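Same chain, two partners: chain A is paired with chain B first, then with chain C.
Presenting the complex of A and B:
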């Protein structure tokens, strides 16, 4: 997918950033489309925060080129980049009230903006994050969620080309985090500004993003829409990071669009190859990845398609769904998730686990 | 058994405190003596406070002391704060060297600073003054020991105190505040004025007050380099040679209350600044 330069807000071209002996960002390339909600997802130390700080100008790349709105930003300091950041711990100025915090960026503009105009824009920004009337409050009088919104308003009031968010939801409790996810997404639609979001929480990334870049060891492993990443992961790492998966490992015995894998127990499993993955060759170490919701259970005396005999080892009741850990002789321990309505199995019950051939995905092991 | 040890330890510490503070309490008590002798309590009165206030020599010494303390504390605060800001980017052996020099300046005995600065000033002025005579003729200014030399010597050692206090505040400061300011279009200069300085202000104020107190109370260094001038501690010292009067007790009490008051404010500023630093770091 090739886009014209005007539709791209941020672009990395072979960007490298090292800290001492650690390569935090390793020849990274990506393009962030204008007006999109783009997430960097990965465990700590994968280079996601460094990438964000490179966009903000807090770090300079060792080599490569960074473009914001089509222009190279080499050696342009943070205060001259039309980009704003929401910091992980918000970084609200403790010696200023909410209104002064939000108006801070506007007060730095030259030629000066009139105080009336500033207070009007501050008022609008606070209304946008539903904090009208909080102008005179101090940051320490606010709850975590309110501080978060002040930080958002302080950034958005400047109408930046790109808004950077460094794990802004990490410090909030679970319930508030869910609410803020919806709110952030709605806000992004409303203002139409490009959001670049950094997180280690796959659920957060899946629920909010238009596109996600999964990172590992300073490199982008796979980039795509949430559904692409969920349905067609590139390899075992991505499949394991996005959602849950069962992995049955073995060796490729027949390659092609349909791959046959021989497990350690000499069971032959057939599964389609991930569309985005490189071709698998005979002899490669590979896994069959199956999502827990794509596996079915039935009683051993019921007739049906081929499957593997096993025993229910553990049951986790989740409300609308129930998870069964099934111990099988031939393919090891599998996690199965079923709607609670169908679930009538008890711990220790003998069962057959089975799945459609296209439910699995053959992926390169790592 | 355990109780006995606790009781005797408690008794012991009470004795220590009495030993430490009883003489000071006596000074305060006798400053309210209505009689003529320092150690012979005749009755309660503010007589000696009034006499002290009317004594032109005391007032002159007090004026000098306040002028020296205010000037040297201001200079020490400016130099110390800038040094602390500059040192935050210094690493490695150079940093170790600077740290060492700073602590040496704090722990070095006053008498050493006194002698060292005296020798320096005498040597330096002895070299400088003839040159000034040659260059500008007989009407040229002549440098001598006086209030400026006391100010210079006091600035020298109080600067280190300011530096240490301000530096600990810098270390406890949330770096992301500065990045946030940078991110919000503030130039480095504006970031310094609008974020860094307000964040450091409690520590800077505390440093100033401590520097003032140290300078105001100092006798040893001032005695060496004051030349013919008299500061309050020098006045007290020289009047004691003529016998302790309740007037000395009154001066001592006023000095004591002033110093304690300043230290109290310093403590308050530093606790508050540390508490807010902790809050930022959350």
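Presenting the complex of A and C:
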């Protein structure tokens, strides 16, 4: 699917940003489609904030090109970019009330906007984030979630081409974070502005994004929709970062679309190759990755020929689901997640673990 | 009952250290501040003894004579204001540089440079300026270069302002530095992100958020200047009198203690007004921006 330049709001072309000896952003390329919810996901220090700050204009790239709405923005200062940022710690102005904070961007515009128009737009923006009536509050009189919404309103009121959000939910407690995730996503659909979202929480990225770029050491490892990344991870790193996976490592003994891998215990496992991954060659170090929910358990006396014998080592009850850590002789310790309705096993029970051949995925080990 | 005694023991145990901790300072203030203040207040309503000094009386005569001494008050107020404003204009860029741009090394060197002159006594430092500004100093150099002739620097408001800035600059710089240092730099980025250029960001964010340092520094400088004696005495050459000089004159030369006391009371009154304004300003800053740099 080829997209025309007009459908792209932000584009990086071979962008490099170094701080001294550290390469924070390393030859990064991506295109963010207009109106999409795009996330950067990766562990701490992988260059997410740096990428965002490059878009915002707070940093200049060492090399490469950044385009916003199809135009290069080299040396255009932040205050001239049609981009707004929700800062990680909100950065609300402490000497102004909520209304003045939200109206700040509008007051900077030239030609001037009339005060009546500003207060009307501020009111609308506050209504949008469900904070009507909070105009006169000061930032320290607000809860974390409310501050976060003020920061959001302060950015959105300027109707930016792109809204940048740097871990805006990180400081909130779990319950509030879940609520805000839904709200943010709904809001993004309503206003239709491109959201560029930074997070190190894979669950958050999966539930909110249209597209996700998984980063590692300043590079984008894989980019795609949440389902693509979950079902067809490129390598072990992505599979481990997006959702949970069991990894059984070994060596490739037969390559192709179906890969055969021989484990240290000389067990031969067969699994399809990830569609996006490079071809595996015989002799490569590889892993079979299997999601915990794709593995099944049965009693050792039940009928069935496939599977590996093991013992339930530990049980974690999660409510609707239950996790079993099963210790097997042949393929090591595996995590199995089953609906709690089936839960018929106790710690120490002898069981058989088994899975469909297409439940696994053969990936290059790293 | 048992409870009660332990309770009392406890309260003794808490108030006794408090009392011991506060006693030296309390005695100090009682004998060296409150008592003299009471004496001055009493004297100000008295009469001058024929041979000089104080004669008991109760009259408002001294206060009614105050307008005859308005010049030192005017001098003090306008030169203290000019000096304070000059300090702000020089200290603000310096403090801003120290707080936002200077590397750790440049910072320590600059701070040392600000402090080092203070290893010399106030008197000697100020006296040095007398030589520099006198007719044999800078004016002589400028004349020999043929730039200006007959330039008079010493004994002018300029000389006094210069002496003020020279001596009081650190008092302005450090509170400003503290408030600028504490300013969250992310707020500046947020401001730029929202479309404000550097200048707009300075006036809307940096300046208001360093207001506490600005007010504190100004008060420190201004209040101390109200009682300044040495700078006008040396660099004003007795031509430009401050209230401090007038007081020395009244008490030591004319030995008119009651009138001197009335002048001192008037000065106190002005200070109280200024401090009230200061307290009002800092309370208006309110909330989080009411920082711990405040003076009182």
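A few notes on this one:
Keep this in mind: the second predicted complex is superposed on the first by the 365 of 366 C-alpha atoms of A that agree within 3 Å, B and C clash if a C-alpha of one lies under 4 Å from a C-alpha of the other, contacts with A are read in each partner's own complex, and residues count from 1 in each chain.
We take it that a residue touches a chain if its C-beta (ideal position, glycine included) is under 8 Å from a C-beta of that chain, and two chains touch if they have at least 3 such contacts.
None of these values were measured; they are calculated from a predicted model.
Chain B and chain C, once both complexes are superposed via chain A, clash.
Contacts of A:357 after superposition: neither chain B nor chain C is touched.
Contact with both chain B and chain C is seen for A:109 once the two complexes are overlaid on the shared chain. After overlaying the two complexes on the shared chain, residue contacts for A:244 are found with neither chain B nor chain C. Touch criterion met: A:58 reaches chain B and chain C at once.
In the superposed pair of complexes, A:158 makes contact with chain B and with chain C alike.
Looking at the shared chain after the overlay, A:138 reaches chain C, while chain B stays out of its contact range. When the two complexes are superposed on chain A, the residues of chain A that touch both chain B and chain C are 56, 58, 77-80, 83-85, 87, 89, 91-95, 104-105, 108-109, 140, 154-155, 158. Those residues of chain C that touch chain A in the complex are listed here as 184, 186-187, 189-197, 200, 204-205, 208-209, 285, 287-289. Residues 56, 58, 77-80, 83-85, 87-89, 91-95, 104-105, 108-109, 140, 154-155, 158 of chain A touch chain B in their complex.
By the touch rule above, chain A contacts chain C in their complex via residues 56, 58, 77-80, 83-85, 87, 89, 91-95, 104-105, 108-109, 138-140, 154-155, 158.
Of all the residues in chain B, the ones that touch chain A in their complex are 174, 176-177, 179-188, 190-191, 194-195, 198-199, 276, 279-280, 282.
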